[in-house]
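Letters are used for the chains, namely A, B, C and D, taken in the order the chains are written, and counting of residues starts over at 1 for each.
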Amino acid sequence: MRVEIAVGGRLHEVTVEREPAHPGRFRVTWDGATRLVDARIVERAGREALLSLVRLDGAAGSREVRCVETGAGGGLAVHDRGVVWRTVVNGRRAAGADGAAAGGDGEERVTAPMPGKVVRILVAPGDEVAARQPVVVVEAMKMENEMAAPRAGTVKEIPVEEGTSVDAGRVLAVIE
Amino acid sequence: MKVLIANRGEIAVRIMRACRELGVATVAVHADCDRLAPHVRYADEAVGLGADEAVDSYLRIDKLIDAARRTGADAVHPGYGFLAENADFAQAAVDAGLCIVGPRPEVIALMGGKTAAREAAARAGVPIVPGSGGPLPAGASDDELRRTGEEIGYPLFVKAVAGGGGKGMRLVRPGADLVNAVRGAASEATAAFGDGAVYLERAIERGRHIEVQLLADAHGTVVPFVERECSIQRRHQKLIEETPSVAVDEATRRALAEAAAALAREVGYTNAGTIEFLLDRDGKFYFLEMNTRLQVEHPVTEMVTGLDLVRWQLRIARGEPLTMDPERALAPRGHAIECRVYAEDPDAGFLPSPGRLSAHRPPAGPGVRVDAGVESGFEVPVHYDSMVSKLVVWDEDRSAAIERMLRALGEYEVGGVPTTVPLFRWILRLDDFAAGRFDTTYLDRALAGRDGTPFVDLPADGEETAILAAAVHTALRGGSGGGPRREAARSWRRAARLEGLR
Amino acid sequence: MKVLIANRGEIAVRIMRACRELGVATVAVHADCDRLAPHVRYADEAVGLGADEAVDSYLRIDKLIDAARRTGADAVHPGYGFLAENADFAQAAVDAGLCIVGPRPEVIALMGGKTAAREAAARAGVPIVPGSGGPLPAGASDDELRRTGEEIGYPLFVKAVAGGGGKGMRLVRPGADLVNAVRGAASEATAAFGDGAVYLERAIERGRHIEVQLLADAHGTVVPFVERECSIQRRHQKLIEETPSVAVDEATRRALAEAAAALAREVGYTNAGTIEFLLDRDGKFYFLEMNTRLQVEHPVTEMVTGLDLVRWQLRIARGEPLTMDPERALAPRGHAIECRVYAEDPDAGFLPSPGRLSAHRPPAGPGVRVDAGVESGFEVPVHYDSMVSKLVVWDEDRSAAIERMLRALGEYEVGGVPTTVPLFRWILRLDDFAAGRFDTTYLDRALAGRDGTPFVDLPADGEETAILAAAVHTALRGGSGGGPRREAARSWRRAARLEGLR
Amino acid sequence: MRVEIAVGGRLHEVTVEREPAHPGRFRVTWDGATRLVDARIVERAGREALLSLVRLDGAAGSREVRCVETGAGGGLAVHDRGVVWRTVVNGRRAAGADGAAAGGDGEERVTAPMPGKVVRILVAPGDEVAARQPVVVVEAMKMENEMAAPRAGTVKEIPVEEGTSVDAGRVLAVIE
């Protein structure tokens, strides 16, 4: 099995082979080196899995890591001893390091990054907005957070009202 | 004695621990979303307040008093935040025949008023920031203004009496023109607030936030404690507190303690309270305000003195006299540091991060104390502030305490939500922090000067483990990952790197 | 410096914490079943030893030395247990060019021999239990025997030189016949061991186990510490340790410290060690043995002195001199108690209880330290000893420390395997414990005198919650429970009540 | 739904009714009193379930408890804040409080209560044994544990040898 794994800004072509004689044992090869591990999912809850990795090749690194699938694009966050590695498996990086500055066409949605309450709406449909201009203020944990337009454009829709409670991912504004 | 704790989270658990050690029964209250919170499980009894929003639950005086009545509680501990400095709540408790674990309602009201508190400090002989003391006369001449300015000393602030949010405020440096600043501020204040009155106040630049904890019993004994330094703040939010302060020598310590005790006596203070001072670069200090309650950062004081402040709060409320040797409160043993762990993402502009804690493994071992109000599986609510725990360490001296804090931060595992743990790792490794070279504006400047690299030092073999985990996870899932679909673009995190960290 | 920790569990983590605070790199070793143990995750590097049984893993000197060589470690810390007092291991480490964090191999060997250790104590002027000093002459007359008995004093033990397990041993109370006892013991010893030699030793009845921690550097400085009391034992297994001892006054404390330091100097001791004494009811103490390593119970000493013993072990191993004020080691602040949490079921005859910890939520908050080598989800192996963690508390005085320990025990949640936590709740509430009225045989007698009720005080609403949970669980499962089948009879638990608790 | 629940040596006849309008809400009645609770299983792993109970009837006791199904006879251990309540749901108590002293006919098996290693076998097939007489010694966690005959009888079989590693539940001896 071949897998493309992006992490740390680099893309790795990784080969994963099962050891037929040992269930749960894998040979994982990239950058010309092969690692031998026993792996098993200790527990799973929704998009999270606790993965036990035991190195059999003499290298350090035997431990449990928490794998959390993020988004739909193959995102996989690997939580390892307090550090989170954001990987993308067989995905494509969003074009450009900073889409907000890149402009572009089509609709862009401003979504709530966390649950909260809409406390102020700063623009109205039809308004012209600049890239990074705040459009909606969402309060969460007693903090106000300005949600900004990802790029310059026209406000097409504001599908929330002041006072609306929103979940993470809820569309707050549509820019076209 | 049965105490209703009108609070939630770590401080509710902290108070209940003290109650249990004293054999005092406890009643928890909780909003709907906190039904399964650790503080509810910890209590002997629990009363639901309904609702999620604080304004409909933890801030509802009527519901709290009713809960106390229904459970037969005879005392109320407000903790910090919520109603802790609300004189109406304290009065309602007193009216309902409850003992309030804190100062009398009148004292809360008095010290809650900025002007009254400042006047009380002046009466007690406590230094206050020099200023015009009240609004400048509307018809003051240029010369009169300049004379007043000279008396106060530069740099100084012109501030609108009705002001707020920086409007109607001017900083005047030595040699700059005061008169223009006064006229400009007055004009801006008139426009903004319909009131052009302004006053002058010396600007204490690069001051340090130094505060003095005190206990006062009902018999007139006041015990001030060794100072705490709380200058590491982000946008006026305290992040790291420690004791003793590197900027305070023994003479200043004594002077601070005497000033704090004098003010407490002046207002007839009882129970635990904290007086906040600004310490300037010459070692002079000025009264800022008094917090008429237990502070978040009280554990550092407990760790260097061995005295349990919450148990003393309860004893004082029961009428017991302060029997400890007051010298002990002023003779710190070793050094203690606290880091406030917030559910905020330092790598995403400190975005609040409520949600389910898939893992909460706090550090432990020698010299480490964690006061937490969460646990694995707990859903950190979006409705209240973002503090999930306080990590406190003690060690023989400050540099050992820093190493121990770094060790403890490295052990701290929080899954599911980003926290400020990586931020602390960065701060504690800064040369300025090690040298004690900071003031209340230091952290904001240091953050502004960062180049956007993530906050964590990456473990050497981390990337290899991440690739290994991602590869094997994909194989075990039997899937091929996300496929060729384009990752959903999220505006707020556009700039977050794939290699990002929390 | 890079240290290989030749151990597992809580003590391996404890040592690594000290290493990290000193900036010392760590290498963990692990048997197969410990691959995912916390101590492995904690270390900078980890080496698998293969196998599960200790004799094939943690006790394999060759594998350990090889692991140190492969990882480039330059020092080895043996912890306690396993090879910690094995002079061959220390010698092998030295031969491999490794620094051993502990005393020299010769000293380990010397103090490991009962007779040699006793002779060294005598040379150092340390009191030893009076006795005949060696075997009684085979042809001794009745009168000679009685004279020797009078010299030693009654009560006394007749003990077989080749003895063990109580065979060939007789207790002779004042007024009883020594001669018969000597003849009987000799005859029994001949039958049991083929060697009829016996000796006499004063019997210290109802003695207390008091021990003195000490540190000794390579420059001749020896620092003895305030005593620890470890008399709460079950079948000679320590369960609770505390410091200071209620039975030791200041004069005795100084005398114990001087005796311990004298013995350490006599044998040229270096690093951390502990000298165990028996304290009789008259306040006289007698040398028992020396433990040439770190003790399980070292944290209580750390908590009352503020000194970090493991960091000092590492510093001494690096050749640093002991710079602390020795008075600090003898002036305890407050009181500390440790409970050893074993995976044993006190309600099933202390049956060992290995298995998966479905939950491990240790207590926290002020004055509480938990040194654990386990975590939620960890499988406690059947192959090693049953200790899962040490719960240590500090407070201002002994009675406050007892209340705090009870508070902490109440917070401690361990799921999946029974532990001794409920046992400690019972012991700490005993009047005798509160009064300090105990000796090394106290707990066994108290346990024998119990009526078989479970060890836990049940929460008032517990049964209601249990019924509710069982009812709702059944409804949610959609099942009707176990049906009319007869519960499988298990001989070892026949007597366990349905209402039983762990 | 009617359930028989044994706990603390007493048997309770319990009625459990779902509230049709509120999924997860139950009325639970015994001893003449009715309790109203919201209940849900927070997580489940094998025979364990974490059960959230929220009292809606004003009584204290809202919390999470861990329910562990034990044995085949309806045993359910309820772990509540460090205390384990051993309940039996729709089961029957083993006859007599102490089967070991009760004697009886038929075979009795001596099983290992925990995993360990057989270090000594103290009897041989055909030997007469008394009730509570040790027959096999199993070592676990560096402790030796004597496994005793549940009643007087004759040793029929010793299906283990010295040195055998045993799992919990393994039969060590059969007495008839």
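Please note the rule applied: a contact is a pair of C-beta atoms (placed from the backbone, for glycine too) under 8 Å apart; a residue touches a chain by one contact, two chains touch by 3 or more.
Since we're looking at a predicted model, the values are computed, not measured.
Using mean Cα coordinates as chain centres, the one most removed from chain D is B. Once the centre of each chain is set as its mean CA position, chain B and chain C turn out to be 42 Å apart. Per-chain Cα centroids separate chain C from chain D by 32 Å.
In chain B, the residues that reach two or more other chains under the touch definition are 410-411.
Multi-chain contact residues of chain D (touching two or more other chains): 43, 45, 60, 63, 81. In summary, the structure contains touching chain pairs A-B, A-C, B-C, B-D, C-D. Within the complex formed with chain B, the residues of chain D that make contact are 42-43, 50, 52, 54, 60, 62-64, 81.
Partner chain B is touched in their complex by these residues of chain A: 1, 3-9, 12, 14, 16, 18, 26, 28, 30, 35, 37, 39-41, 45, 48-49, 51, 53, 59-61, 63, 65-68, 71-76, 78-94, 97-100, 108-111, 113-116, 140-143, 145, 147-150, 168. Chain C makes touch with chain A in their complex at residues 35-36, 40-41, 44-46, 48, 377.
For chain B in complex with chain C, the touching residues are 13-14, 17-18, 20-23, 42, 299, 302, 306-308, 333-334, 361-362, 364-372, 375-376, 395-396, 400, 403-404, 407, 410-411.
Contacts from chain C toward chain D in the complex involve residues 343-344, 348, 351-355, 358-359, 382-386, 410-415, 418, 421, 456, 458-459, 461-476, 480-502.
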